[in-house]
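First chain written, first letter: the chains are A, B, C, D, E and F, and each begins at residue 1.
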Amino acid sequence: MNMPIKPAGQAAFKDRYTTKVAELLKPWEEGERGAAAILGVPLSKPSISHSGASFAPGAIRNALNGFTTYRIESGQDLTSPIIDFGDVVMHPTSIMESHERITTAVRQVLTQEAAPFTILLGGDHSITTSAVKAFCEEKGTVGIIQFDAHHDLRNTEDGGPTNGTPFRRLLQEGIIKGENLIQIGIRNYSNAKAYHEYALDQGVTVHTMKDVRERGTAELVRQGIEMLKGRVDVIYLSVDMDVLDQSYAPGCPAISPGGMNPEELLEGLHEALKHPGVRAMDIVEIDPTLDFRDMTSRIAALLVVETAALLNT
Amino acid sequence: MNMPIKPAGQAAFKDRYTTKVAELLKPWEEGERGAAAILGVPLSKPSISHSGASFAPGAIRNALNGFTTYRIESGQDLTSPIIDFGDVVMHPTSIMESHERITTAVRQVLTQEAAPFTILLGGDHSITTSAVKAFCEEKGTVGIIQFDAHHDLRNTEDGGPTNGTPFRRLLQEGIIKGENLIQIGIRNYSNAKAYHEYALDQGVTVHTMKDVRERGTAELVRQGIEMLKGRVDVIYLSVDMDVLDQSYAPGCPAISPGGMNPEELLEGLHEALKHPGVRAMDIVEIDPTLDFRDMTSRIAALLVVETAALLNT
Amino acid sequence: MNMPIKPAGQAAFKDRYTTKVAELLKPWEEGERGAAAILGVPLSKPSISHSGASFAPGAIRNALNGFTTYRIESGQDLTSPIIDFGDVVMHPTSIMESHERITTAVRQVLTQEAAPFTILLGGDHSITTSAVKAFCEEKGTVGIIQFDAHHDLRNTEDGGPTNGTPFRRLLQEGIIKGENLIQIGIRNYSNAKAYHEYALDQGVTVHTMKDVRERGTAELVRQGIEMLKGRVDVIYLSVDMDVLDQSYAPGCPAISPGGMNPEELLEGLHEALKHPGVRAMDIVEIDPTLDFRDMTSRIAALLVVETAALLNT
Amino acid sequence: MNMPIKPAGQAAFKDRYTTKVAELLKPWEEGERGAAAILGVPLSKPSISHSGASFAPGAIRNALNGFTTYRIESGQDLTSPIIDFGDVVMHPTSIMESHERITTAVRQVLTQEAAPFTILLGGDHSITTSAVKAFCEEKGTVGIIQFDAHHDLRNTEDGGPTNGTPFRRLLQEGIIKGENLIQIGIRNYSNAKAYHEYALDQGVTVHTMKDVRERGTAELVRQGIEMLKGRVDVIYLSVDMDVLDQSYAPGCPAISPGGMNPEELLEGLHEALKHPGVRAMDIVEIDPTLDFRDMTSRIAALLVVETAALLNT
Amino acid sequence: MNMPIKPAGQAAFKDRYTTKVAELLKPWEEGERGAAAILGVPLSKPSISHSGASFAPGAIRNALNGFTTYRIESGQDLTSPIIDFGDVVMHPTSIMESHERITTAVRQVLTQEAAPFTILLGGDHSITTSAVKAFCEEKGTVGIIQFDAHHDLRNTEDGGPTNGTPFRRLLQEGIIKGENLIQIGIRNYSNAKAYHEYALDQGVTVHTMKDVRERGTAELVRQGIEMLKGRVDVIYLSVDMDVLDQSYAPGCPAISPGGMNPEELLEGLHEALKHPGVRAMDIVEIDPTLDFRDMTSRIAALLVVETAALLNT
Amino acid sequence: MNMPIKPAGQAAFKDRYTTKVAELLKPWEEGERGAAAILGVPLSKPSISHSGASFAPGAIRNALNGFTTYRIESGQDLTSPIIDFGDVVMHPTSIMESHERITTAVRQVLTQEAAPFTILLGGDHSITTSAVKAFCEEKGTVGIIQFDAHHDLRNTEDGGPTNGTPFRRLLQEGIIKGENLIQIGIRNYSNAKAYHEYALDQGVTVHTMKDVRERGTAELVRQGIEMLKGRVDVIYLSVDMDVLDQSYAPGCPAISPGGMNPEELLEGLHEALKHPGVRAMDIVEIDPTLDFRDMTSRIAALLVVETAALLNT
């Protein structure tokens, strides 16, 4: 029977020549292969302040409906599927258990080898420790390029595995070395002096917004990768969306003026993706309940799409 | 592999002993049978004023996640599936075509005989004409009990098949007779005198809010069904949510004070469902973009659930 | 030329048989007569707390577009114009000057004798002093029936002619006598004991919400008018919308639970309008910037319409 | 020097004869005594769904600025201080630790004997287990009267000490007996059948909304206390604000139609406070980030004020 | 009589030396002449996704109250009236009829010769086809410079005359030639490859955001006009506000990152207005129900004002 | 006793190594000294349009919780207290009295000599007249550098001491000379020609946004201070936040496109703070009720922090 009916939840309008990036998302099945793999990590209970970042994986996937597959400026039309592993199931009351599940899930995703690049959709920044742990276990030494207004190197006595401590925990637990952590976009009045000193003590490379303005993100990334190349097995990008200025990313819990614009972030991403050692990215700290018209999730979605596109060139 | 992962979009938490009514929704497949069938009719372009009622089928389905299957006051636990036929696919620019597709879709749903009762989730009130037309064609003479603040008997010269004319068109096209139309909840200052007179001329039974306060909805429905019983083959309930007071149903386009409370509407529904000739209901005029916390859709969802429950007794 | 064009700002849709109450509004011109006169009094700078009540005259007039002229329950179809005198022009920085302008404007409205009943659309409650002063000067002794959660009898040393002092100033300035002031709906935890005592000292009649629940507003109004009848030349209704419960009137600055429902307020109004000595009403304390979908202004508009309707019977 | 300056954060306007209930709040100091003690319990991370109930203690305290001390209907003017113990300091990432801190804090509050009645401002409903545990340890056998749409007796395997399990944990851990738990306001489609059966198996008294409508809350409370009187040392009221209908309490995470109105809840409270064994109350499940104009917190504040007032009679 | 009263709806404050651009708006009357003519085209039912663009003409006119007539940087003080033809009356249920009325109305406006330049305030982009048709019929060959993130060249089989097809319909119906269409601001991931190819096949000039960044809008417009000059009788600017970045124009239905800033759009406009052949502009795709503080309408209003100013130099 | 309790209102989480700028705020006490003094001036009733700028001092202080003391780009860690004098107590109904209280309060603050620099947190721009008057009386001749889209030189006949007249009143009352007033950021279509001419007649230096784009704020400020240096005893910065573009400062009453970005404003501030004669700043025209996520107050807070930091170098 030819019914003028579509399944509940399906898009209201379909143009036969247009493919939305969301249509490239393919729920994972054994053996499936794609340009990139994504995994939702909807955890925000570890956040220091109230955060709805657990809604971000859904918001970002939904924002992928706002992008077509065609990158007119380079003539590329994306066709490779993006393998969607779904979301890590979080424990309602045990944050430690949730963190462990993230490590388990990421390892399992990696062992599937469904794609050469893995994108994790946070969640708050606490997820990065668990995710990087999985990469270490599966891939060897990890180097990290972190885009963030904040060091995220707080002491763990005052709150444990919060979204203020992911890189501290990675360093303390010996999962990564300080010399393999590069921070870009660190902002005035957004960190304690003690943690900047800790970063320097640990050999972390710290680039402030002043460095970004003077040298550009592409140059900072290029230099960072140059430095990491011989030392690590895999490079992981960690994108805290609050590295962007509040006028561009109004949906982050910790918004403030003085950040990057999206163009600068994209230039950093473009540079990074030129290097085959860059194999993963997380996008964290978007709280869709605070955002305006999902603007911040739309930028996150653009990062996903650009990644898929540039991996294919 | 036992991954701590769930498909994207799935509920974050699952209690093993709890079933949400949304879980009873079963996408239609040939031969499937259930307690009730639902069909989304996401059309609001015919509305006289700007309306996002096309989002209501999604909002109501989503609200079904807020209800469990257990009706503690009667001890019933719903288990029969609700067959979900999905949504009618609307034409972006031809309202006439959309109206025709509704008739086609409803006829096809009826011929499937998937359930003894059909629930249409509007959409604006213009959809009722198309739906009732399908019932006429499939089931014979139709009687209608309409809950509404408004007659919806406007002339069709001033705008065509809008949400102000559904019953006018049914009468003019001879699809129903005026004597088989019962209106409950008609409100002061919400209609033109000319249309009240038209209603009386056509033999329509009109119960105002004053009648509701004096006699109660159950009594009005009982009397209405008594009257319709011998005359019609099937009785169709048409529930315009603006029959409720603005404090209860803030999400209708045409809110105003002086309406029913949800208890009164439910009593009318309970009475109607006692009679086997009552075979269908539409729920219309909810605009989720105007609502507060989907309160109006939650009441609509309760109407759906109560219908499923009472059909099973 | 017959252009398919309408002047900017005009309603998008016009049904030829339907008249909106807003269409009965007729900008005042010399010699014009109508069922009632309205005057906007957009003053809220005297409010103790931040208030946008100055937007209420516009919001209420606009809400009159949501009501047709037909009162189905009594069969009345309103046709008499409502003479709209526009808004008092307020001084941006001199509240005293604004208050004087209100008195001047109300006096001028009264001398026009454009209608037997005058409705003032506030503004905050501070406007009542100025308005009643005008009535005194033009009409003689004034009795007031005040619907309010609050006495509005605060001392004037702590802030001057605020929205907390209108009746205190009327009493202190000898414009009305305490025995001619009847307060209905006074609520627990909404007043200082000192002001209740002041009210009793002055001979003010005070009915709390408990009285409303036990005796009903109609009865309280009936008794009040009985008492005032011989003593005063004109009776003035002052309706502070916060007499309603917060669930019905979410747009008042001082919302709280425990108030009337709109039905109770309307019953009071209906009773009052039976008496020819009742000649004026103000509606105050709606802040449209705080409201939800102008619900509170819609109830205010219903008060206006009901007044016009009941004056005509 | 007499500066026209006030400390930052202080109220903008002060009427010399008016005292706000918020002014009765007195930060706890050793030896202080008052009519009631309050303790904020800002924990919502255990919630099954995203909840900002951790903001409720602040919102309720703030709402106390909207109430004066004068209860006009009984002539009472509150003067006894309400001892404010502040808020329990929660652990950012260990929910178990937070729950333990609640027990510790409540015990310490009780040992201070600062007031004959203790009010806990949640937080989500998970806090009740920890609080009742403290009462048990300090006061002996506890009976509970719970106002709630939900049993809150979910299994603990599927999420641990969430806001769905507080009474289950109390029963399982033997802290209270089922026969000493009375649930009022349980709603259709809001619970699993399995948990209703569990309640009955445990000897819990369950009153649905139908019971509320037929017998009234005062009667149900009276009977409950009669039953508990001989058996327990102290009676604890647990008020989940979602027992109220969504139109009155729009700020609860789990809103739905079909609940009590505030009057019904207050009648239950009034009845309970007549009995000297009733010594504590918690108010939970208000998420101020979802509320409209803090309506739900205002009702909660009224519960606090009424408690203080009725304890003093 | 000198009453301190102003007509309802008039601005609350008037400074005697300040003229708002909104005060230059003069409702059209036979024979009236002005610097520019405006016509509202409040149609958004053809939109593929839900759109309230029908509210934009009102929002833009209202935003003109936020601009004075004085252009300090050039010393110009606007005094010529802007002739306001009001709004095209749309048909509630026939989109075809509405489109025809637009053509009729625009033709009638043009025949009035009330101004040398005509500004159409949409509405969604579907209106452009109808408007350009009128220009063709009245003025001869039309060239179009389109500012847009999207080609708007979708096939018409999948939805008819939507806001995705205006230029396709113009080409298919032979109203304009592809070589006379210049698109500026076309964005990555915002179009299907098939439509880009269609554009190229038709000889359309396509400038992406990359071109904008590299060459600037002024240069692109200059070159475009150079090309069109000999070929067409009149040049029409079509400004889809979504050509702007989401951070500047948050009120467009199809927002995304990666667009122009307002300065770039203004530079394009300035360049275009240097050429006398440029005679009309439409401004489309603003949905005021989605905007934040009418920011997008304020930019649209600035386009209107700048046009009026630059036409006068 | 070691209770896991904190006083109500205190921050939920404290990291032992991190100090928020808000923690540097020290309520004023006799003899206290700090890097800067702040005084809240919560007055917005003089505003021409409805304004909640009276809430800004609270919002800005609160935003200081979003900034740590560490300025990573210069290595500075702020430790000097910021002396908080609290808020001027405003009169509810006498704007003249409120303005006088501001002068009194600022004089008293200055005589305390608690800090070398004073920051006033408005309020609307009307407060500047009263504040500058105090500086004149205490410090001698005052020069002003005003960042604003508007001249604020309106005539005072049409509304008195509004937020449109602060500099007019200063000039008319001879408190400052025109040659000592420098305006930066004046915008097209935001002023009347008459007032620009008045500015020039009075010898005011006027820099438009075009000047800002061509020469930069630092250069304009440098030149301004050069000019003022010999002539005045103290230089006062007056920062109307609407000098910023609407996309950055969405919370100003009079938003419009075409303004500065925050970087440009900061550069101007940095330049000004190099000169020891610059001794005060006001920050005005933020209405937190209109803002999005307090973005505008966050920029204001950054101005406060940067001032404190640069004063210390």
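Here, a contact is a pair of C-beta atoms (placed from the backbone, for glycine too) under 8 Å apart; a residue touches a chain by one contact, two chains touch by 3 or more.
A quick map from chain label to UniProt name: A, B, C, D, E, F = Formimidoylglutamase.
From a predicted model like this one, the values you see are computed outputs, not experimental measurements.
Fewest steps needed to get from chain C to chain F, stepping only to touching chains, is 1. Centre-to-centre, using mean CA coordinates, chain A is 39 Å away from chain F.
Between chain A and chain B, the centres computed from C-alpha atoms are 44 Å apart.
In this assembly, the C-alpha centroid of chain D lies 57 Å from the C-alpha centroid of chain E.
Shared interface positions of chain D, i.e. residues touching 2 or more other chains, are given as 12-13, 48, 54, 92, 159, 247, 292. The touch graph of the protein chains shown belongs to none of the named shapes. Each chain pair that touches appears in this list: A-B, A-D, A-E, A-F, B-C, B-D, B-E, C-D, C-E, C-F, D-F, E-F. Looking at the complex, you find that chain D touches chain B at residues 48-49, 154-155, 157-159, 164, 186-196, 206, 208-210, 246-247, 250, 254-258, 290, 292. Listed in rising order, the residues of chain F touching chain C in the complex are 45-48, 50, 52, 54-55, 91-96, 126, 159-162, 289. Residues 1, 3-10, 12-13, 25, 27, 39-40, 42, 54, 57-58, 61, 84-90, 92, 101, 104-105, 108 of chain A touch chain B in their complex. Interface of chain D with chain C (complex): residues 12-19, 21, 66-73, 77, 247-248, 262, 292-293, 295, 298-299, 302, 305.
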